[in-house]
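The chains carry the letters A, B, C, D and E, assigned in the order they are written, with residues numbered from 1 in each.
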């Protein structure tokens, strides 16, 4: 096991623990905190994949905006005050389905002989990404902006209180 | 005018029918004169046809006249509207048109004042047309069509007074019963056609005589044909409709249920006799057996009947049975001779009975009596009719019966012969009873008696004419008479199946039959004279037998039971099955099953997101695993 | 040095955990968080494929960027709706939101 | 003359929008328009029938072929064409439809509830029926077939009547729904049959005149034929898929029953002949014994069921099942005489059953019951009605001189010729049973002592009398002079592959 | 590559829609006196303009960079989607005025959804397609929950949104596996790889394919991915229900078709029977459960699930012939569905009722609407004279041509089952006694729209030739160069614009 590999396993373990925490914690706030852990872990994975830019995006977008949004939402919906289990009655089925799916997927990705696999993660130049985003992928980019706009409009319209509410 | 134009004979009444149907209600006297003129014309036209036939023939072989139009024709399938004239036809035509003419004339008076007077004559025209067509048809299918046509007219006329429940029921019974026979008739026709490829009677006969049919096949086919005759001519076991048919107006009984329609079966078998003969002998034995059975049971039932018309109806059955015995004995001559004279004396009896009914409005012989005083002409002619029916020498019936006895003696075994002889005695018994109870001794219903009177000329003249014919009609068996009338010889040389027959007087047979018949009549006199105490005593002594007879051997009851309990129950069961099994269970059930499947399935939709997500997950898991397993 | 399979297996585990979360959790926000985990797995996949298999085209990286964007938007919109439901009905457990069924 | 067939479809379809334009407060106007349209259809149908002459070839006359879809998708040249043409089988059936619609318009004269809507649907039905009889393209054949089924639900459910039979109830909704669903269920099978047939012929066209030239594999024919046999059989009232028929008739208004039993049921038999037997002759041969068995069963079963019915419409409904059984027998005989008879029976049954429904409707309109045991001696007050009913009944029981006999006789001859002895015998027996239930009905309801309960009942309306007279003329004409019918039919039947002379 | 080399004008309709949407929001904001109804008409005009502009590229074949095709296939769907937008906007006008807040945003979202739908159809590359799909979905999530104070609307939005996110994660995972295995997101590239030997990557390919089918199955609402559909349909504001059933379904199917025709055609023998199985399950469940429904929106939801089953028949039988048949059917179905929804919206506007038994006597009170609804329902059940019969017949026949006779048979059977529940609605309308006899007022604009749609239903049923010819041009263009034996030259040509 190389140094890098060891590093990967650590990060992976952290990420998986975070994810596990998200889906098993008995308290919503704990879940949210676990989510942050998992997201940070993923960010670290990105670094291992030589994509520092994405790691930064990850930390900023997720670690910052998304989690805070989620925490806000928890507060607003008083999620902590809800009595009873956070898990529904179909947990065993869920576990079964997830494990089956996991086994299938792991089997599939490990059985596959990926074509053109390189020894190591290649660094993608951030300038190239920038260029591509505004040339080749300009249309998706524009559409993504529309998606954001739609989400924005939707969130505002739906969440805001109306007169008399 | 000749045999080629014989088609005019039925065509004229047919035209009259259509005319009356449309214009009848607007004509003076409701158009009865149209009907009479039409049938009169038919009768008159008979003579040129007959003359033509005699002209073209040499006296031993008769040339047949044929005229045919195509009715349906494609590929090698052909149905013709064809007409055929030969001696048998002529005899039948004569009976039909003549009796019909007399009956029509009689009806003018008899039906006078009836609310459906015009309708009566309209239907009578249709009947005449159908009956004449039946007689003239050259092929079985055309004959079948006319056969059904006369059956339909019979239905209409039996049910003429349909407001009476019994009349409506009798009409229904007659139609359905004959219809059952017709099932066989039609099957028989098709069976004969199937091998011969033609419906033409002469061609079928030729085909059969040349051995074109398989023997068993042909036997089956002719027996099916005979079923038709059994139904139409009221032979056992389909005889039940005929006594009930007396619900119709009496002239109708005279024409249709005595002289013409009911003998159509005899006529048909006579026409087809060569085919019957070509089949296995068992076929004709069955014909004879059916005839014999009918002869016996009808005679016995006649003993117990009390309705004047029913008694005559039983005598008709008796006569028809004898005709079939004759046919079963290979004798067209005897059968046709009997048919010929029977037409006259039976019509006479019915018209006489009609006269009585018209005068007294009573039909039960127990309520009549002594009418001879009031209605001498009727009584006299009725006596002639009775005598002819019994077979007293020299009345017409005697000669015919004699012929039948001779051929039966010749062809059938001794038992059959004896049975016929016995029936002669019984016939003598009940016919004399009829006459005695109706016309002689004291009136039992004084009121009816007081009102009774002889009818007008329209009633008495036909009676008189028929009376004469019933007396002398039998003499045509003699060559001399035939020659005098312009024929080559006696009846036997005009109407025959294989070779002309010379009439021979069989003294022994004549003696036995005369003794038996007259004996019957004489014993009848003793039994039913005065207040009929003797008869009453006998009845009480043999009351179980009498009950059986009075109930007509329970045959009607059995049929009624079969219809009510078996057929209608079957109908009800099938209807129940259809409603509850086929429909409610199978059809609605499968619909219900579909509905239920939907009902169960809808609960998959729980409304809860985790369940929905689980469905999606399971969907992709199953999809992935099966895709991977099956494709790799 | 690290084989690509390592990342892919990690991604598979994350994805499955996310799926478990979606199926097992009944709080709407928690479900949303689980979906985020699944999307994280997707992003890992895309980047791993991009950098290991076809670094010249790097479509995967672009895809990853877009997925992150969409994911963020999704959270925003979803939270809006969740909030709306909560304000109208005071519920945040999705299995209580079964007004419509069958 | 070339557009006459087009007119047969265009007139009924064309009057539908015209009806809609008539304001609802003028129902009389709708009636006049309906009479006009019905009359012109009758005239055109009569014209088609009279001038039709077999002129060799396929016997198709007055053809008209327009491309509808071609060279698109899986379709090749002439893929789907709007192909009209009438042959010797179609000609009498066109006439039948013309007669029945004309009569039905007059019988429906007293429809007061949404008059114009009624006529719209009625004419839609008629256009579908015409379409089936004269379409030579399989797609359009089926298209019109479904058009004919389409309006049935509303016609029955809106204008029909529910009945209470003591032990059970049949609502009009039930009757309508069952009828529609069963007929469309049959269509599913036809659908499948057509799909398979098209693929198998591989000609890329639905033109039946082309499709019949294709040499089809025998095994294919064997498995494909039952789809058509059963699918069309449902509409033909084939036992045991007949139950929609009596219940549907009981629920339907008179005019609809007439068209329905009179012509719609014929579409099924016509379909078996035109599509099943013509395109799949070997399959038909293989399955003929089954078809024969079902036909005979239907004929007997219908007759025996009718025997037990007290409701006049049920009786007539079951008699239709019985008579359609004869048609199937005729088809199953697979010889010229039998098939001729089947087509003749379609015509004959069409007119006489229409006549029967006219009569049942006439008495029901006044009495509001149809239970024959509740009547008695009606002939006294309704002499014409009784006469008409009697004639219909007599034709039904096969009295010579009326249409039924000609048809049934051909069928029986054909069946015997095809060596189905038992079937022929049982068929003729069923005819005797027919006599029994017809006479039972006449004797119960029309003869016997008059039931004073109906003292103020009147004879049929004049319009009904006209309709009845029209139908009777057809019955008598065909019964007395069947040659024009037989001529037209036999020449075409001869050409059908697999039909022996 | 730089931006100047892209033919931006090819996207003119989308820009028009986007700008128009923005304009509507601003108009609503600054000119509140405009009136909610007029805003709807304006939005309809915008969609109409965009649709008209799309017609510029009729019979043209253009590439937009490496992302999208502008060809007949795109044009047909652009026009179709814009048409849907026009009619939904028109039908919405009164509904929005009476029942919803924020009309500007409402119409803007409707127009934006069309952009998403267009993108899905135009894209020949997974990323663009995915983003467009999200645009469409997001718009619909918002629109579904647009009736803010209607509990059912919120709930529907919640379900739709959460499950949509879940399924899109699955879909993305599938994309990522396909991308990993083939190294590209271009349809043509995927197809090229898949036509070769794939035994080394088959695990990922098949897993990815399964997941993508799952994700697409969600969008088209195929069983068992359909579960959200009835709830979303029932809860959404009525015009949006119609919009989802017409636009979302059509766009997803068109995308499904193009993706499978261009990218996965080489594996057709592998996935065909799975799609067929999905199709059977979908038809069965949709039609059987629909029988049980009492709410007309929910009934139409199940019926639309059933309809998806028929559409999947076309995909299972994928071939140039069946593709054109499929698109033809889709268009016919869309028009019919719009007609049905227009009727339902009209009735809802009058009475606020949407239970089936509440339709009693509609034929008395609004005969024209009852007639049109009857026609639409008959068309949905596949009766002739109307679109349903001809298009279904052609679609099923096309399936039979591809050796899927049994599937065509099953489809015919369930289309027969569907007739029952349509007849139930018709029964209520024509047989029920209305509560009051008065006629409803006649809204001419809606009636005109309804008339146009009904005419469309008749046109598709009586003379589909023009549409079918166009559709075939369109579907032919998605099959160019992508056959089982991939024509390398054409693929290469497409990859280097």
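FYI, a contact is a pair of C-beta atoms (placed from the backbone, for glycine too) under 8 Å apart; a residue touches a chain by one contact, two chains touch by 3 or more.
Every value quoted in this text rests on a predicted model; they were computed, and no experiment measured them.
J.: Trace the shortest sequence of touching chains from subunit D to subunit E and report its length in steps.
T.: 1
J.: To get from subunit B to subunit D along touching chains, fewest steps?
T.: 1
J.: So which chains count as neighbours of both subunit C and subunit D?
T.: B, E
J.: Looking at CA centres, what chain is most distant from subunit D?
T.: The chain lying farthest from subunit D is A.
J.: Closest chain to the protein CA centroid?
T.: D
J.: Computing the C-alpha centre of each chain, which chain sits at the greatest distance from subunit B?
T.: A
J.: Looking at every pair of chains, which has the largest contact count?
T.: More C-beta pairs are in contact between A-C than between any other chains.
J.: Measure off the straight-line distance from the CA centroid of subunit A to the CA centroid of subunit C, and report it in whole Å.
T.: That gives a centre separation of 6 Å.
J.: Averaged over CA atoms, how far is the centre of subunit B from the centre of subunit C? Could you give it in whole Å?
T.: 96
J.: Between subunit C and subunit E, what is the separation of their C-alpha centroids in Å?
T.: 26
J.: What whole-Å value do you get for the distance between subunit B and subunit E if each is reduced to the mean of its CA atoms?
T.: A distance of 78 Å separates the two centres.
J.: Which positions in subunit D touch two or more other chains at once?
T.: 181, in rising order.
J.: Two-or-more-chain contact residues of subunit B, please, as numbers and ranges.
T.: 602, 605, 607-611, 613-614, 617-618, 620, 624, 628
J.: Among the residues of subunit A, which ones contact at least 2 other chains?
T.: 88, 90, 93-94, 97-98, 101, 104-105, 108-109, 114-116, 137, 140, 144, 147, 150-151, 154, 157-158
J.: Report the complete set of touching chain pairs.
T.: After working through each pair, the chains in contact turn out to be A-B, A-C, A-E, B-C, B-D, B-E, C-E, D-E.
J.: So in the complex, which bits of subunit E are touching subunit B?
T.: 158-159, 162-163, 166-167, 170, 202-203, 206-207, 209-211, 213-214, 217-218, 223-225, 227-228, 230-231, 270-271, 274, 285, 288-293, 417
J.: Quick one: in the complex, what on subunit C touches subunit B?
T.: The touching residues are 19, 22-26, 28, 31, 94-95, 97-102.
J.: Can you tell me which positions in subunit D touch subunit E when the two form their complex?
T.: Where subunit D meets subunit E, its residues are 67-69, 72-74, 139, 142-144, 146-147, 149-150, 153-154, 157-158, 173, 177, 180-181, 184-185, 187-188, 191-192, 194-196, 198-199.
J.: Of all residues in subunit E, which touch subunit A in the complex?
T.: Touching subunit A: residues 1-3, 6, 11, 18, 25, 64-68, 101-102, 105, 108-109, 112, 115-116, 119, 127-128, 131-132, 134-135, 138-139, 141-142, 145-146, 148-149, 157, 177, 180-181, 183, 200-204, 206-207 of subunit E.
J.: Which subunit B residues qualify as touching subunit E in the complex?
T.: Residues in contact with subunit E: 594-595, 597-599, 601-602, 604-605, 607, 609, 611-613, 615-616, 618-620, 623-624, 626-628, 631-632.
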